[in-house]
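Just dropping this structure here.
Each chain carries a letter (A, B, C and D) given by its place in the written order, and its residues are counted from 1.
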Amino acid sequence: MTNQIRIAVLGASGYTGADAVRLALGHPQLEIAALGANAKAGSAMPDIWPHFTPYKLPMLQAAADIDFGDIDAVISCLPHGTSADLLAQIKGPRIIDLSADYRLRDAQTYADWYGRAHPVPDDLPDAVYGLTEFARHRLPDAELAACPGCYPTAALLALLPGIGDGIVSPRNISIMAMSGVTGAGRGAKEANLFAEVSEAAHPYGLAGHRHMPEIEQELSNAANTDVTVSFIPHLLPMNRGELETITVELAEGSSTADLRRCIGARYEDEPFVHLLPEGRAPATRMVRGSNHCVLNVFPDRVPGRAIIVAAIDNLVKGSAGQAIQNLNVMFGLSETAGLEQAPLFP
Amino acid sequence: MTNQIRIAVLGASGYTGADAVRLALGHPQLEIAALGANAKAGSAMPDIWPHFTPYKLPMLQAAADIDFGDIDAVISCLPHGTSADLLAQIKGPRIIDLSADYRLRDAQTYADWYGRAHPVPDDLPDAVYGLTEFARHRLPDAELAACPGCYPTAALLALLPGIGDGIVSPRNISIMAMSGVTGAGRGAKEANLFAEVSEAAHPYGLAGHRHMPEIEQELSNAANTDVTVSFIPHLLPMNRGELETITVELAEGSSTADLRRCIGARYEDEPFVHLLPEGRAPATRMVRGSNHCVLNVFPDRVPGRAIIVAAIDNLVKGSAGQAIQNLNVMFGLSETAGLEQAPLFP
Amino acid sequence: MTNQIRIAVLGASGYTGADAVRLALGHPQLEIAALGANAKAGSAMPDIWPHFTPYKLPMLQAAADIDFGDIDAVISCLPHGTSADLLAQIKGPRIIDLSADYRLRDAQTYADWYGRAHPVPDDLPDAVYGLTEFARHRLPDAELAACPGCYPTAALLALLPGIGDGIVSPRNISIMAMSGVTGAGRGAKEANLFAEVSEAAHPYGLAGHRHMPEIEQELSNAANTDVTVSFIPHLLPMNRGELETITVELAEGSSTADLRRCIGARYEDEPFVHLLPEGRAPATRMVRGSNHCVLNVFPDRVPGRAIIVAAIDNLVKGSAGQAIQNLNVMFGLSETAGLEQAPLFP
Amino acid sequence: MTNQIRIAVLGASGYTGADAVRLALGHPQLEIAALGANAKAGSAMPDIWPHFTPYKLPMLQAAADIDFGDIDAVISCLPHGTSADLLAQIKGPRIIDLSADYRLRDAQTYADWYGRAHPVPDDLPDAVYGLTEFARHRLPDAELAACPGCYPTAALLALLPGIGDGIVSPRNISIMAMSGVTGAGRGAKEANLFAEVSEAAHPYGLAGHRHMPEIEQELSNAANTDVTVSFIPHLLPMNRGELETITVELAEGSSTADLRRCIGARYEDEPFVHLLPEGRAPATRMVRGSNHCVLNVFPDRVPGRAIIVAAIDNLVKGSAGQAIQNLNVMFGLSETAGLEQAPLFP
């Protein structure tokens, strides 16, 4: 086990942290050296995650008790706020952060949406927004990768090629998103009880969801103009999976076929992003448990508009999987290491 | 049991037919006199619907064997095509049809979307499009009520007030719809197996769903101009429930608050359509098993647009319940008779 | 609304309380006069139960603020402990208690299983164990009906006829029970989150479930000998529904057919308990949302044993529905009043 | 890719076949050389299994068109009957059969339960009943491994140690089993529709399930006496997962603790079978998507009896995973190759 990259997973008592552990267990070059989870410090992993019973894993520790001098990479699955406060104090390991704390370039935007001044605004410029497919050139030198939110991951994979090529208009983008309930975390809330979620669907965050500024930031960069999007998430009665059905206006002279070709060309060589055959609708069941994203493009009935549909597993490509993918690129490993397992269906 | 209205339910072996039977059993003025289901003719209802074991019900018969001279009202839950072919031959009872056969005013539009010439085009003008809340004046004299599709029911309840009052622009209406799987019927199809639907979500009908022309017909009538909508249905892992999240452009000078007031005023006295308190998102679990529709209006992030959200139970307000509601109005009964039971939650 | 029976539902913020309200809304002779829920006192019902939005209901009150002098019947859906402490102080209304506090005849058994001395042991002898089908003669004079637990309801309906007639041996009774998650209440616990319950099944209470002494008490009474049962509940990924598959030894000389006949005869005239046709397996979907119980008997492969299967809706026949049924008998109403709605399937 | 073992998966259009493909894709020493599926011959895998879109796989072929001379191992996921008829004709590759055709030692028992004479009764003696943990010594020389049914796998892992050691009495064994719906296959049957299975649970196969003789055969062998078991399977609303709650009588002088120790000792070094810490109940969510089995032992309330609970994923340890495990042992590979991925939870 020499030359293994030693990682610490912080927030290992949450769903995202647990999925990072699951993937790291199957990664040939990662060694799980420490697991952080303040409230559960002192517990064995199988006591809070019985599905890890067959696996040898470190005990959960308070982050303060972890010897980061011994760690090569930190995968931080802590909530926003907590994450930056802690990560700012860790020197040595390179960091893959799954919180929102390093995603926004502008500290004021962060303050507006997250209701607190950013604790380390000077660290923002060097953080790399880790949508791997669009950050590959910057990741090898990055000290910190800020993994995109789950919704932005699917939205940006769907929209960036067309926006970047000028085929999609930056105006009137409508993102209808649907997510399984693991996106809401393992906290014991009435709203996430089985009996409340099962046999039910509803929109939420209608007054403004925190993934919106992130989507707008990246689309604005790509479009070289300020982009405002409509983004409406819905909660669905399933564990994993995220579907986005996005309506866009096509640029003058561009067709749905152009957009489909553009997206197909952009991702032709990507290991994890796949344009489906014409006419086949992406479905969350196609990617469950895997790091894949499936995409397709359809004509809208309203002339001049097109529909892009994208599906990911919110816990994998939408968080823990993309974190590993970023780590792989940062450390010069094969980008697909530890992420090759096929989706679990049914 | 004198003065009871004697009904025949055709298509009683399907989910919609069974729900019509469920509701009719609780209706104080209806007597279920005959049940039609050709393929299952000769079966007892509990043999194909064991949940009716405790109830006395007629045997299933071939429609041809039903004595319609003895029937006051037919609730037809047959598929399109079959429905008009059969109903055109029935003389005597008044008809509540849940198929698509009498919904479109224009026989050519029917032919375009359903791939067959309409068998009785001359009967179309007299059929009443039975969105009860907007058809109440015509139903008492109607010989045939064509109940709206489940998706159009929610879409039209959400859109007609604003369109009718000129608050909502008839352009760029986007209807994102999500439905439980009962909408697809009881046919044994691989796509509707538990293992295919569970833990999954995907859009379908992207090339054009047959509920679209119906929505456009009614919106065009209300707007006095041709309306083209974008309508994208999704299949969700649940039995019942339909949610529509609709993005609209507001007419010049109108605000989200204006639209919310307009909708609130329109439905203030309606027994089955309810504007929720400001900020509360409609959810399918609020209406399960009931004839209610819950609605609300939200500002969109894109200026000049608003979001309307509507939830119904696709099998009740979206089909069997609305059929009973129409029957009640047609026969001068209390409109809520048989439909008063509260939603089943959880 | 004269001659209505005025009821107070205590614990109206829980699933059982809400289902009692649902059923009472459809009951022609009940008037919901007060709703108790201490932690939510001051809330409107639709604020905690949005599915009641269309219905006029009293505000939630602290139990201490309810004027019980004005109430004819109290349906108490409070947890054990809380229930007896409160109910013991209420004078005037007749009481239907859904907690465990008045179910056990023996105060010591109560203390053993519930970990506290019974607060009013002298009230136990007069409380009627309200398994309606077996308590009908005592309920009209009862001041307090102690509704059976959900598991005992199904188990006793399945076992009492055969035990009472000496066809089933009182030894080696094994009750395998499965329940939807609403049985665990609306409390926000990690174990009941959608993501923990969905796609999952497991036994619980293996060290001894509190419904066991109740089952044994009633079986022992019927058998005139001490009966010890094996009872193993399982949590299933569904909202409502309870299934019990019970293995029994047949008494010398008795056959499975004898047992099936005995059960059929016992329930022939019962409105809510139904022996299915030979060979048809009871399923929870047959009773969802209704007060019905479906039963059947099968030969076991081990000679001399038989299998009894029973299904109920844990929130209806297993709690709120049986409470209304008991109230009906106590007040001399039609036993089925308010309980006639057919099951909701799908 | 030299020295790879070239496999053909027959029945690749079913759930079991697809899961064999999923696992083989992650196996470092297997090469999927051919995929058989008669009805779907000529299809590409992603056309019938879109979750395989990102993977290069052979086209589906009719079994008759596969060149078995080029194949080292056949994993046959065909239904019983079809399987033996086909496999008997294949010469060359070693065979891992997941059907029931080679599981029973006695051709007459096969005929009794499967309603047909066994086509190749002379081949039965050499087939190895492939419950890997108990067949390891015979598999390296086996030409054909008959993988146990999913229910027998869990039942035998739970029972064989105690039976073998004389701690568990061979009499009065009661196996209550619960399975997700994938066990019923991908055939389009009404009974397996989402709307029929969701929010529902029921027993089936009460007249005798075909997994019974297999369980009895192996228990009888271990006990050196004829064993008759009670076995009652239930269908649960979930995709994957199988839970068995087994009640046994302890041999004179043996205790629950003895049984727990016996099982713990037997599986101490097993990579896929795990005794949980005392008091922790096995749950299907602990093993989802993995080849693990979790077990535990509890005292029963009835003196002299104990409860053994086992959970597996029916598609993995219950079929495709155990097939790969057997293949690994047959070919001298690491037994865990391709099976190391951690369970997917949630």
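Keep in mind that, in the parts below, a residue touches a chain if its C-beta (ideal position, glycine included) is under 8 Å from a C-beta of that chain, and two chains touch if they have at least 3 such contacts.
Keep in mind that this is a model prediction, so the values were computed, not measured.
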item: Longest centre-to-centre distance from chain B, chain (CA-based); value: D
item: A-C or B-C, whichever has more C-beta pairs in contact; value: B-C
item: Centre distance in Å when chain C and chain D are each reduced to the mean of their C-alpha atoms; value: 39
item: Between chain A and chain C, centroid-to-centroid distance (C-alpha), Å; value: 46
item: CA centroid of chain B to CA centroid of chain C, Å; value: 36
item: Two or more partner chains touched - positions in chain A; value: 15, 180, 182, 195-196, 198-199, 237-240, 283, 285, 288, 346
item: Touch list for chain D against partner chain B, complex; value: 15, 180-182, 186, 188-190, 192-199, 237-239
item: Interfacial residue positions of chain B with respect to chain A in the complex; value: 172, 174, 176, 178, 180, 195-196, 198-204, 206-208, 212, 228-232, 234, 236-241, 243, 245, 247, 279, 281-285, 288, 298, 300-303, 305, 307, 309, 311, 346
item: Parts of chain A lying in touch with chain D, wherever the complex brings them together; value: 15, 18, 21-22, 25-26, 46, 49-55, 182, 198-199, 239-240, 271-272, 274, 276-277, 280, 283, 285-290, 292, 294, 340-346
